[in-house]
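In the two assemblies presented below, chain A is common to both, partnered first by chain B and then by chain C.
Up next, the complex of A and B:
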C-alpha cells in the first residue's frame, strides 16, 4: 500500500513540476518521466494484490461530512490498477515524442499535468473504499480527460467533441451521484465496507439499473456511447490510447464493484448485461465498419470490445445466480481477461494510428495507402493489433474470447433453465458475428491504410516514427504475443481475482481454470501445428525460389492502360457489401453524383454514417430540453437590479413560507 | 433607564433616520455622507451591546468598522464622484417620495417579522433588531431601485450595516473572525466596485447600470 501511495505521489508531483516549467522539452520529460516511473513503482503492489496477496487497506478521517480517506487494495482493484498503470507507463513514453511534434509554441505543461492527474485519479477511483472519495476521483478523472480531449482547442471539431464528452460524462455522473446518495442513505454511511452487508430489499434492482446507466456511460454501452466516437479522435493519440484502453474500463470496474456490494445477483442482471453486450458488440463493430476516420473507427471498436466484456460479465452473473461455479469463473474470467487484452491491443492500435497521423498528417483512411513500405514498423505493430482485436490466434484477443465462448457453450450444454440456454445460444451467435465483422473491419482498415499504393501526396511523403514512439508500440505488441503464447499461465493466474468477484471458493475456481487451461493447451497445440505448417510452407517457398530470378509486375489491371492509385478499393467500397446488408441498422447515407449519359466524365460516390443513438435518442432529447428551458430565457435580460430583486423576492417568500409553516 | 439603553436607542434612531434620508435624497454627495454617518453609528454598537464581553475585542472591532465605513469608504467614493463628474441620481426607478414610504413599510414589515421570529431579544433595546433588519431590506431596495452605480455601492454598504447591526444584536458570540470577514468583504467590494465604476465611466461616458446589459445571454 505504501508503494501505491509513493507511486501516486510521484505521478502528481511530476505533473505539478511539468506545469511549472516553461520549456516544452522539460515539461514532457518531467511529466512523462514521473508518470512512467510512478506507474512502474505502483505496478509491483498492484500485481501482487491481483495475484492473491491479502487485501490491504489504508485510511484516515477527513473533515468532510461522510467522507473518509479509506483506500482498499484487493484483487479486483489490484487487477484493474495493474492494467491502468502498465498502459499509463507505455503511453506516457510514447506521448513525449508525439506531443513534441504538435505544431505551434503551445506550452505542454498543462497537457502533462492533466495526463498525470488523469492517471492519479484513475488510481483513486480504483482504490477508493468510500463513496465520496470514489466520486471525487471519478469527477477529477472526467475533468482531467476533458482537458486532454480539448488539447487542440483551436479546432472547432475538437471543441465540439470536448463538449459532447463533458455533457455525456456529467449525465453519467448524475446517475452515479443518485445511486451513491441513495445507497449511503440506506446503509447509513458512505463507506463501502458498510454497504457490503446492507439489505436493500426491493430497491436493489433499481440501484443496479442506476449503476448500469451511470457506469455504462463511461464504459460506452450502446446507446450511451455517443461520446466515444467524438472524443477519441479529437484527443492526442496517446491520450486516446489511455482513455480507450483503461479509462473506459473504470466503468466496468465500477459496475463490478457495485454489483459485488449489492449482494447476490438475480438472473435478470446477467440477462441485461448479455443483452447490452450483444447490442454494443454488434452495433459497435458495424458502425466501425462504416467509418472513414481511422481513430473514429477504433473508437467504435472500443464500444464493440466493451460489449464483449459485458457479455462475459453477464455470463458470469448468470453463473452466480444459477450457482454454477464453472459458468461464473469462465464468464468473469473471459470478461476480465478481455479488459486486460483490450487495453493492450487497443492501446497499440491507437498508438499506431497516432504514428500514421504523425507521419502523414491525416486520419482519413481514404487519403492513405501503401504505408507498409514507408512505415514498416508501425505497419507491423498495427497488423499485430488488428489480428489481436479480431480475436485471431495466437494473439491475446483469442484467449479471452475463447473463454467467453467456453462459458456460452457451457450454458448450452448444461441447460438448467430455458433462459440460460437462450442466453448461451445468443452469446455464441453474437460473439461469432462480432468476431467475423471485426476481422472484416480490420481487413479494411489495415488493407486500405497500409497496403496498395499511396492515394495522396500526404501518404506518399509519410515517414516512419522514431524509436521513442516505436518502442512503446513494440512493447505492447510483444505483450499481445506473450499472453497469446502463455494462455495456461495467464488463465490460471486469474484464480484469486475470480474468487473475489464471483464469491465461489478458490479450490473450485482453480479446478475450473485448470480445465479451461487444458482446453487452451489443446487449442494451443492445434495452433502450433498450423503455425508450424505455415512456417514450413514459407520455408519451402523460399527454398524453391532460391537461385531463381524473380520479377515484379503491375497487378493485372483489366486491360486498362493507365491505372492510378485512385482506382484501388476505398474504405467505402470495401465495406459496401456488408454495409448494405445491415443498412436498416446503420442508416448509411449514400451520395452519388454524375454517372449520367452514356459516357459520364466525372462521377463520385460517398457514404456517411451518423451515429444512430445520437441522432435518434440524444438529439431529440436535448432539443426538447432546449425548447422547455428556452422559455426561461425571459428571466435573463441583463438588468442587474432585477436580478437582485429576484434574490430578495425569493428570500422573502422562503422566509414567509417557513414562518407560515412554523407554529 | 441606564445610559447604555439611551445610547443604543440613539444609535437605532440614527440608523433609521439615515435610512430614510438615503431613500429620499438624490444628491450623491449627501448620500455618501449619510451612509458614512450610519457606518459610524453602527460601528459603536459592539461597544454598547456587549460591554460584559472582552473590551479589547469590541474596541478593536468598533475601531475597524468606524474607520472603514466612516472614513475610508466616503473618501474613496467622493473621489470617484469627483473624477467621473456625476452629481445626482437622475430618474430613479422608484421616486424619492415613494421610496421613503416603501422604507417605512419595510420597517413595519421588519417589526412584524422580528416579533414573529421570536428571537431572543436584546435586553437593552427592543428596537435594534427590527431596525437592523429594515436596514438590510432598505439596502437591497437601494440596489434594486437606483440607476447609478455609486448608489448601488451605497446600497451594499447599507445592507452590510444592517447585517452588522442585526448580527451584533442577535449574538454577542459571533466569532471575531466572522465579523472581520464581513468587514473585509465590504471593504473589498467597495474597492473593486469603485475601480470598476471608474473604468466603466471612462469607457462608456456614464455609470447607468440599466444600460450595462450588453452581455446578456
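Up next, the complex of A and C:
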C-alpha cells in the first residue's frame, strides 16, 4: 500500500511540476516522466494484489462529515489498477512526442497536469473504500478528462464534444449520487465495509438499476453511450487511448464493486446485463461499420467491447444466482480478461490512429490509403490490433471471447431454467454475429487506410512516426501476442480475482480454471499447427520461387489502361451491403448529387450515420426539458427587490406550514 | 503419438482436391459433356506450382501473406476434423469455436490481400465476402451448438464419432435441420452456387474468384488448395452426420465415409447444375434462413 501512495504522490507532484514550468519540452518530460515512473512503481503492488496477495487497507479520518480517507487494495481493485497503470505508463510515453507536434505555441503544462490528475483520480476511484471518497475521485476523473477532451478548444467541434461529455458524465454522476446517498442512509455510514451485508430488502433491485445507469453512462452501455463517439475523436490520441482503454472500465469496476456490496444477485440482474451486452455489442459494431472517421469508428468499437464485457459479467451473475461455480468463473473470467485485453488492443489502435493523424493530418478513412508503405511500423501494429479486436487467434481477444463462449455454452448444456437457456442461445448467436461484423469492420478500417493506393495528397505525403511513438505501440502489440501465446498461464492466474468477485471458494474456481486451461492448451496446439503450416507454406513458396521470374506490374483492371486511386473501393462502398441490410437500425442517410440528364458528367454519393440514441432519445429529452424549464425563466428578472420578495414569500409559507404542523 | 489420429488429416490433405473434380464431373454430366479427368485439379496445382510470379506494384507484404495464412488456416481447420469414426489430430472441448475462428483468420487475410491490390473488383469481392461471412457465422455456431447438446459432447471428434445411427430415429428432425443449415454454410463458405459462381468470368459478379484476381503461380495454387481443404472439412462434418456408419471394421467405415464425401460432392454439383446464382440481395435471406433452421434445431434439441 505504501508503494501505491508513493506512486500516486509521484504522479501528482509531477503533474504540478509540469504545470509550473514554462517550456513545452520540460512540461512534457516532467508530466509524462512522472506519470510513467509513478505507474511503474504502483504496478508492483497492484499486480501482487490481483494475483492474490492478502488485501491491504489504509485509512485515517477526515473532518468532512461521513468521509474518511480509507483505501482498500483487494484483488478486484488490484486487477483494475494494474490495467490502468500499465496503459497510463504507455500512453504517457507516447504523449510526449504526440503533444509536442501539436501546432501553435500553447503551453502543455495544463494538459500534462490534467493527464496526471486523471491517472491519480482513477487510482483513487479504484482504491476508495468510502462512498464520499469514491465520488470525489469520480468527479475529479470526470473533470480532468473533460479538460483533456477540450484540449484543442479552438475548434467548435471539440468544444461541442467536450460539452456533450460533461453533460453525459454528470447525468450519470447524478444517478450515482442518489445511489450512494440512499445506500449510506440504509447502512448508516459511507464506509463500503459497513455497506457489505446491509440488508436492503426490496430496494436492492432499484439500487442495482441506479448503478447500471450511473456506471453504465461512464462505461458506454447502449443507449447511454452518446458521449463516446463525440469525446474520443476530439481528445488527443494518447488521451483517447487512456479514456477508451481504461477510464470507461471504471464504470465496469464500479458496477462489479456495487453488485458485490448489494449482496447475492437475483437472476434478472444477469439477464439485464446480458441484454445490455448484446445490444451494445451488436449495435456498437454496426454503427462502427457505418463511420468514416477512424477515431469515431474506434469509439463505437469501445461500445461493442464494453458490450462483450457486460455479456461476460451478466453470465457470471447468472452463475452466482443459480449457484453454478463453473458458469460464474467462466463468465466473470471472460469478462474481466476482456477488460485487460480491450485495454491493450484498443489502446494500441487509438495510438495507431494517432500516428495516422500525426502523419497525414486527417482522420477521414476515405482520404487515406496505401499507408502501409509509408508507415510500415504503425501499419503492422495497427494490423495486430485489428486482428486482436476481431477476436482472431492467436491474439489475446480470442482468449477472452472463448471463455465467454464457454460460459454461454455451459448455460445451454445445463438448462436449469428456461431463462438461462435463452440467455445462453442469445449469447452464442450474438457473439458469433459480433465476431463476424467486427472482422468485417476492421478489414475495412485496416484495408482502406493502410492498403491499396493513397486516395489524396495527404495520404501520399504521409510520414512514419518516430521511435518515441512507435515503441509504446510495439509494447502493446507485443503484449497482445503474449497473452495469446500464454493463455494457460493467464487463465490460471485469474483464481483469486474470481474468488473475490463470484464468492465461490478458491479450490472450486481453480478446478474450473484448470478445465479452461485444458481447453486453452488445445487452442495452443491448433495455433501451433497453424503457425507450423504457415511457416512451411512460406518456406515452400520461397523455395519454389527461387530463381524463377518475378515481375512487378500494374494491378489487373480488366484491360482498362489507366486505373486511378479513385476507382478503389472506399470505406463507404465496402460497408454498404451490411449497412443497407441493417438500415432499419442504423438509419443511414444517403446523398446522391448530380445524376441528372442523359449524359451526367459528375456525380457524388455520400452517407452519414448519426447516432440513433442521441437523435431519438437524448435530443427529444433535452428539448423537452428545455421547453419545460424555459417557462421558469419568467421568475428570473435580475431585479434584487423581486428576489427579496421571493425570499419573504418562501419564509412566510414555511412559517405557515410549521405553524400548522405544530400542535 | 497416436498415428491413427493423423489419418483423417492426411486423408484430407491428400484427397481434398478430388471433391472439386467430382463436382465438376457432375456438372459436366448435367451439361451433356464428358468433363475434365478426375485428377485435373492436381494437374492444375502442379502447373501453378511450377510458375513464376507477377506482383502488382501497389501491393505490400500483406498481399503475399494472404495465401500463406489462408492455407495455414485451412490446414489448422483440417486438424480438428474427425473422419470415419477416427478422432481428429486435435480434439478438446469447444474446439468447434476454434474451428470457426481459424476459418475467420484465413478469411481476414484473404480479404486484406484483396484490398491490398487497390482494385475495385477485388474490393467488391472482399466486401461481399465479409458480408456473407458475418451472416453465415451465427448459423454455423448455432448448428454446432445444437450438435454439441444433442450428443452431450463438446468436441467435434466427440460429437461426430459418438453419433449412432439410432439417433436419427430419435432426433431425426433436429438432425435434418442441422444438416440443412450446415449445407447452406458449406455452399456459402466455399463460394458455390447459389451464393457465388466459381465459373463466372465476369468480374462484377464474382466474390471469391474476384478477390483472388491478382494472385498467380504458387500463390494461386495455395489459394485453390486451401479452398479444397475448406470444402473437405465442412463436407466431412456433414457426411459424418448423415452417414454415421459404424460397421466395426475401419475399412468399411472408411469406404462409407469416402462414398459419402463423393455423394455430397455430387449433391453440390447437382445444386449447381439445377440452380442459377441468387441475386446478391437475396443471399442474406438464404443465410438468415440457415440461421433460423439452426436455431429451430437448437430448440428441438432442448425440448
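Quick note on the criterion: the second predicted complex is superposed on the first by the 632 of 663 C-alpha atoms of A that agree within 3 Å, B and C clash if a C-alpha of one lies under 4 Å from a C-alpha of the other, contacts with A are read in each partner's own complex, and residues count from 1 in each chain.
Operating definition for what follows: a contact is a pair of C-beta atoms (placed from the backbone, for glycine too) under 8 Å apart; a residue touches a chain by one contact, two chains touch by 3 or more.
Since this is a predicted model, take the numbers as computed values, not measurements.
In the superposed model, A:537 makes contact with chain C only, not with chain B. In the superposed pair of complexes, A:648 makes contact with chain B only, with no contact to chain C. In the superposition on chain A, contact of A:124 is made with neither chain B nor chain C. By the touch criterion defined above, A:391 reaches chain C but does not reach chain B. Of the two partner chains placed by the overlay, only chain B lies in contact with A:633; chain C stays clear of it. Once the two structures are superposed, chain B and chain C can be ranked by residues of chain A touched, with C on top.
Within the superposed three-chain model, A:210 lies out of touch with both chain B and chain C [touch as defined at top].
On chain A, the patch touched by chain B and the patch touched by chain C do not overlap at any residue. Residues 633, 636-642, 644-645, 648, 655, 659 of chain A are the ones touching chain B in the complex.
Those residues of chain C lying in contact with chain A across their complex are 49-60, 62, 67-69, 71-73, 75-76, 79-80, 89-95, 97-98, 100-102, 104-105, 107-108, 111-112, 115-121, 123-124, 126-128, 130-131, 133-138, 140-142, 145, 148-149, 152, 154, 203, 213-214, 217-219, 222, 280, 284, 291, 295, 298, 302.
Put simply, chain A touches chain C in their complex at residues 369-370, 372-373, 383, 387, 390-393, 398, 402, 405-406, 409, 412-413, 415, 421, 425, 428-429, 431-433, 435-437, 439-440, 442-444, 446-448, 451-453, 515, 518-519, 521-523, 525-527, 529-531, 533-534, 537-538, 540-541, 544-545, 548-558, 563, 565, 567-569, 573-578, 581.
Put simply, chain B touches chain A in their complex at residues 93, 113, 116-117, 137, 140, 143-146, 152, 209-210, 212-217.
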